[in-house]
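Please read through the structure below; I'll follow up with questions.
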Amino acid sequence: MTVFRAFAPWVISLAVLLLLPAVTSGSAVSVINVIAIHIVFALSYNMLLGQGGMLSFGHAAFFGLGSYAAIHAMNAIGDAAYAGTGFWAHFPVFLLPLVGFAGGALVALVVGWPFCRRAGTAFAMITLGLGELVATGTQMFPSVFGGETGVFSNRMVGPVWFGLELAQPADVYWFMAFWVFAAVLAMWAFTRTPLGRLSNAVRDNPDRMQFIGYPPRNVRFLVFIASGGMAGLAGGMAAVNYEIVTPESLSLLASGLALLMAAVGGLGIFYGPIVGAILVTVMNSLLSDYTDAAVLYVGLVFLAVVLFAPSGLAGGIEHVRQAWHGKQVAAKAPRWLAGTLSVTALCMALVLAVELVYLLSHGTDKLADTLGMELDASSPLPWAAVILLLATGYGLWRLTAKSLEATS
Amino acid sequence: MSAALSIRDLTKNFGPAEVIRGVNLDVRQGEIHAVIGPNGAGKSTFFNLISGALRASGGDILLHGERINGLAPQDIQQRGLARSFQVSNVFDNLSVFENLRCACFKNSGAGYVFWRAATGMGGANRRAEEVLDMIGLRALRDAPAGALPYASQRALEIGMTIAGDAGVVLLDEPTAGMSNTETGQAIELIRQVGADRTLMIVEHDMGVVFELADRISVLVYGEIVATGTPEAIRNDPRVKEAYLGEEAA
Amino acid sequence: MLETIVFSTLNGVLYGLLLFMLSSGLTLIFSMMGVLNFAHASFYMLGAYFAYALGLHIGFWPALFLAPCLVAVIGAVVERYGLRRVHVNGHVAELLFTFGLAYVIDELVHLFWGSIPVSYVPPDYMQNALFTLFGTDYSIYRGVTMMIAVFMFAALWFLLKKTRVGMMIRAALTHGDMVGHLGHNVPRLFMGVFGFGCALAGLAGVIGGPLLNTEPGMAQTLGPIVFVVVVVGGMGSLIGAFYASLLIGLLQTFFVAFDASIADLLGVFGVQADPYGEVTGITLASLAPMTPFILLVLILIFRPRGLMGELEP
Amino acid sequence: MVKTIFNRFAVSLLLLAGAANAADPEPVRFALIDPLTGPMSVVGQPALEQLKFTADRLNEEGGIDGHEIRIVGFDNKINPQESLVQLQKAIDDGIRYIIQGNGSSVGSALLASINKHNQRNPEDRVVYFNYAAIEPSFTNERCSFWHFRFDANADMKMNMLTDWVAGNDDFKKVFLINQDYSFGQAVSEAAMRMLKEKRPDIEIVGNIFHPLGKVKDFSPYISKIKSSDADVVITGNWGQDINLLIKSASEYGVDIPFLTYYGNTPGTITQVGEKGVDRIYLISEYHGDFNDPEIAERQENMYAQTGWDLYPRVSVMLEMIKKAGDKAGSVEPVQLARALEGLRFKSMAGDVTMRASDHQIQMPTFISVLKNNMSHGAEGTDFNFHEVAAFNAEQATLPTSCRMRRPK
């Protein structure tokens, strides 16, 4: 039973990975492939922040440099395969993420030591500096980073493994499925190792570490390298997926994305970043089809999570799961219902307000058009609706809060 | 009898303020040695100097005849001297067991292992389980350390200190802020700990001190005014005047 | 040559003073509350946009005073209902919060004022030449900017050294925990300081908006540099921030003024290198905007408490 | 052959059906992949609006070969990786025509990816219409049958600029200031090369690069220009980098022409206003005089309807696509592409040809300067660009190194 408990998540996720293509259409697959990349990226970020307590603003540097390593390797494979000789001629594209890993880890190894002296704000600032420098620096060396147009390549070269031609997104999916599963497993395993435990210890109380025989810096440094490598691995996956790498992939925006995904999903819980990666990626690539304020909504979701759900979405899931094991679902269900209702009401109010402002400032509103609604920002009616929704949401909120105090 | 820990002319000053002024002290192998003294006598500073948290301004600290002053805390810990803290200083989000196990890794050769599961590190796990029983927290094995009741946290604190199998252990006010029953348990624990170790304790609770200590040193304003058996100390006039007298007043 | 030096100095000092106006607020906030407010530059942007919007109706000067007050109010609200809430979850949570806040404010500005830069310009009479050096005129507005910045610095200094609030703040700068014991209402003090800090940023926006464009991206590009100033200057040190700002301002302008390529530098040591090579062709000028971050990394590695800071971040 | 006959037959049947009852043939959809949200949407939205504006007009004339034109916007946040995700979405939606313009990085990614797609999916081809990514290689070494460029490439523009400079004997000293990335470097390199061969006596008194979009205060650069006492400045700057440059130039009373590629980026005129008059020179496919009343009316309507100015290039692009489609009598990508090759068209500016050998448009080009009190102002102001020099398609042309490979 306990054994099953331990393996259930892996069996299930494996099954999901195997069944997904059967139930999804073409366009979904390409988004799923991106999600896979982001899952690894976000988890690698959480190795730093969630597990090791190091807030980084330059994580994309490792992702991007890993990506570049992989794409250059891909070109090498192409050339070697054309010539038919050399090491790269026998190197399958399938294994390129390993090159990415090596790249990312190497960079972390080179720059990491001075960074890891302290965690907290100092670390955040120094990684910010690193991020800015790398992002600006890439524009200076076109021969390596391909300047604005980046470095592009073709993944259909070299030895083919498992009959994966990697021609269509559908092929790439299997590549992604393998690597996302392997990477997640690896990072989960890492948390179970002595070093993984020590990284948690360093996060909780660096001062005590020395008195159990560990200089915090060493532990941080090793975690930093591992995390940089994993980010590079994600970069390698990206290189194969897009077949092009541009300087944007190491920009501060990309670093922010990692932070966004990890925090929204939940830093404390291992699978949190996975949830975050899925949500944020979907929002990023689909939301803008329906509204022009897409970016704003992503930001608001992030703010809401930081303010009201510090443990992220995964925190909520855990909450439910524990209630389930504790057989308290029935007791808590009504409160949850009320809470959900209030949140939905507040969200609707917010969305309506935003779209109205958009209508006022831009004359048209995409969301209204897609919904086929006739919005008129000049009339008081919609604004009244906003107020009403706000009131309802707030009322319900107070209600649930009261019932909480009553029970506890 | 050989000295496990001997301090020679130890001095420490923060700017002009001289907190430790030429302390000389020998802690014998296997004894329980208590350091007492009025508040602000510099007891905590004294411990911080020995354990490497602070750097001495002058003098020597010898562990089994080997100079350890100037070494980093982790190196001192590696040479077999561990210390506990006055305020509980544990890894809040880790379980009690994890706390102990992390404290065991280094000395059970788990180092910075990242290729094997922590559960596979036989030595560390065995040791952690032992200590767990020793400090009587078996029931709270998987509770997060941050959520423990105060007394249990103190016990865990001691457990983490001894987990690394250090030959010389410094305990900083192990029973501070405990109820009588809790204190009783603590004393038991400390006895056990002291059975096969050299122990140095800073303690305010005179009851505890006189019950546990083989020898006592009195630290007053950065100087050892007296060292001896509990009886000797009880009857030492200087101590009376400098310390107990003050207590009476 | 002299001409270049004079103008580089003038420009460097002006830019430095602007940076200081922008970062002084953050220094206060950071040193007192330990919050490295990511949204600080966004408040600077709000200042500029408010001044623009108000200026259309009530004119430049009234807006100059009103806009920062508005920003202060917003800042106070953010502290009261946002920061205070996440404070219990530690500094990382606070950083995350301000990070998200910056994101949202930038988007809101974009939502209200559109993505095109707005034409926020000082009154015409201020665009005339204050004086003319080497045939180049130096506009009145730049002079006024300098004056306001210097005045602000003096006022701040007076506030901190001579007033009771100032004493409290300075006490909190060095021994944050103590102030509470002195029976002061720390939460309100924090709210005040945060609002005040944001107001300073807002003022910087009002002044800087016309000089450096008023557009939705203005916060993003300037944000990180503000951190550099605060960290390099050192925690809890206004003077440090002041020097750091001037240092960065002058470094940048002089790097541009005397752009020698690496090849040239090598040439000094008698090493021949291709002046158009990818590495050897890199000029100081092209490095100029990177200097703040190089400075940041070096400072954090070699002198973590900053130029004049009391303690490490 | 038989196939085409059959197609024509089928189409004419459909047309008949359309005539008989209102059931039109299915619409032909165009995907615009450009930044539509976020700060950079300022360059994407105008194109989207222009496409819709023109599409409405063309649909009244029967659309493309009887098929209604539909424009679908896909937001790429001007990020190449995101662009490829959006591209895949568009393709999976069954869209076969991709339009993009902003950012050679995005262009490069799309070009590479679309080539691969067509090579890997011979049965459904995708065509890429590029209205602004002017990286020369796209129609030279990297030229592709699937890519059509409706804007003069960077070298052509520089060729005309330098012709104009060379033709003016007052110009003795030229100053080059550009953004420090591949495009900026290309501009400066081309300028130096061409000026050397056209006017050896002209002296390049300055050639400096500043990082992309990072400079807040241009006064140090301006004082360099001033101390070099140059007669004319050539810059490829865009976005804030051009606004700030011009502003500080006027502040320091630098009254020499600034020859720009992107002096007309939306927002520049609002920002620079009076400061730009007689200072910003622009090389582009049209000017702000609007001598032709019909075009002038279009400009007025466009601004009234959408809040954006007329975008002549984009309009011409769609009109030429329609003409090609009508000529091919089909909206099937390969046939339409073939019909577009070598297509001649009469635009508001004069005779335009889509050169078959490299799919680089050959069109008249103008150099114009910002003036006040124009009869038709831009961005709702009285400022607009007044013609100072015109080049016909023959003068604008440059040879190509393209060796086009066409599908059988």
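The first chain written gets the first letter, and so on, giving A, B, C and D; residue counts start at 1 in each chain.
To be clear about the criterion, contacts are C-beta pairs under 8 Å (C-beta built on N, C-alpha and C of every residue); 3 or more make two chains touch, one makes a residue touch a chain.
Model, not experiment: these values are computed from the prediction.
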Field: Joint neighbours of chain C and chain B, given as chain labels
entry: A
Message: On the document's contact criterion, could you list the chains that touch chain A and likewise touch chain D?
response: C
Message: If I average the CA coordinates per chain, which chain comes out farthest from chain D?
response: B
- line: For the pair chain A and chain C, the C-alpha centroid-to-centroid distance in angstrom is 31
- prompt: Taking each chain's centre as the mean of its CA atoms, how far is chain B from chain D in angstrom?
  reply: 76
Field: Length of the line joining the C-alpha centres of chain A and chain B, rounded to whole Å
entry: 45
Statement: Whole-Å distance, C-alpha centre of chain C to that of chain D, is 38
Query: Using the touch rule from the top of the page, what residues of chain C touch 2 or more other chains?
result: 114, 286, 289-290
Message: Please output the residue numbers of chain D that touch at least 2 other chains, ranges allowed.
response: 38, 41, 180, 211, 214
- request: Any chance you could list the residues of chain A touching two or more other chains?
  value: 136, 140, 142, 293, 295, 362
Message: Thinking of each chain as a vertex joined to the chains it touches, would you call that graph a line, ring, star, complete, or other?
response: other
Task: Go ahead and list every pair of chains that touch.
output: A-B, A-C, A-D, C-D
Message: Taking the touch rule as given, give the residues of chain A at its contact with chain C in the complex, in rising order.
response: 49, 53, 55, 114, 117-118, 120-122, 124-126, 128-130, 132-133, 136-137, 140-143, 252, 256, 259, 263, 293, 295-296, 298-300, 302-303, 306-307, 310, 354, 357-358, 361-362
Query: If you look only at chain A, which of its residues touch chain D in the complex?
result: 25-27, 30-31, 34, 136, 139-140, 142, 146-150, 152, 154, 156, 167-169, 238, 242-244, 246-249, 253, 284-285, 288-289, 292-295, 362-363
Field: chain A partner contacts - residues on chain D that touch it in the complex
entry: 36-38, 41, 74-75, 77, 79-82, 84-86, 88-89, 92-93, 103-105, 107-109, 112-113, 116, 120-121, 135, 137, 180-183, 185, 211-212, 214, 307
Query: What residues of chain D sit close enough to touch chain C in their complex?
result: 38-42, 45, 180, 208-211, 213-217, 219-221, 223-224, 226-227, 240, 243-244, 247, 251-253, 266-267, 270-271, 273, 379
Statement: The answer for chain A against chain B in the complex is residues 189-190, 192-198, 200-201, 203-205, 207-215, 218-219, 222, 226, 268
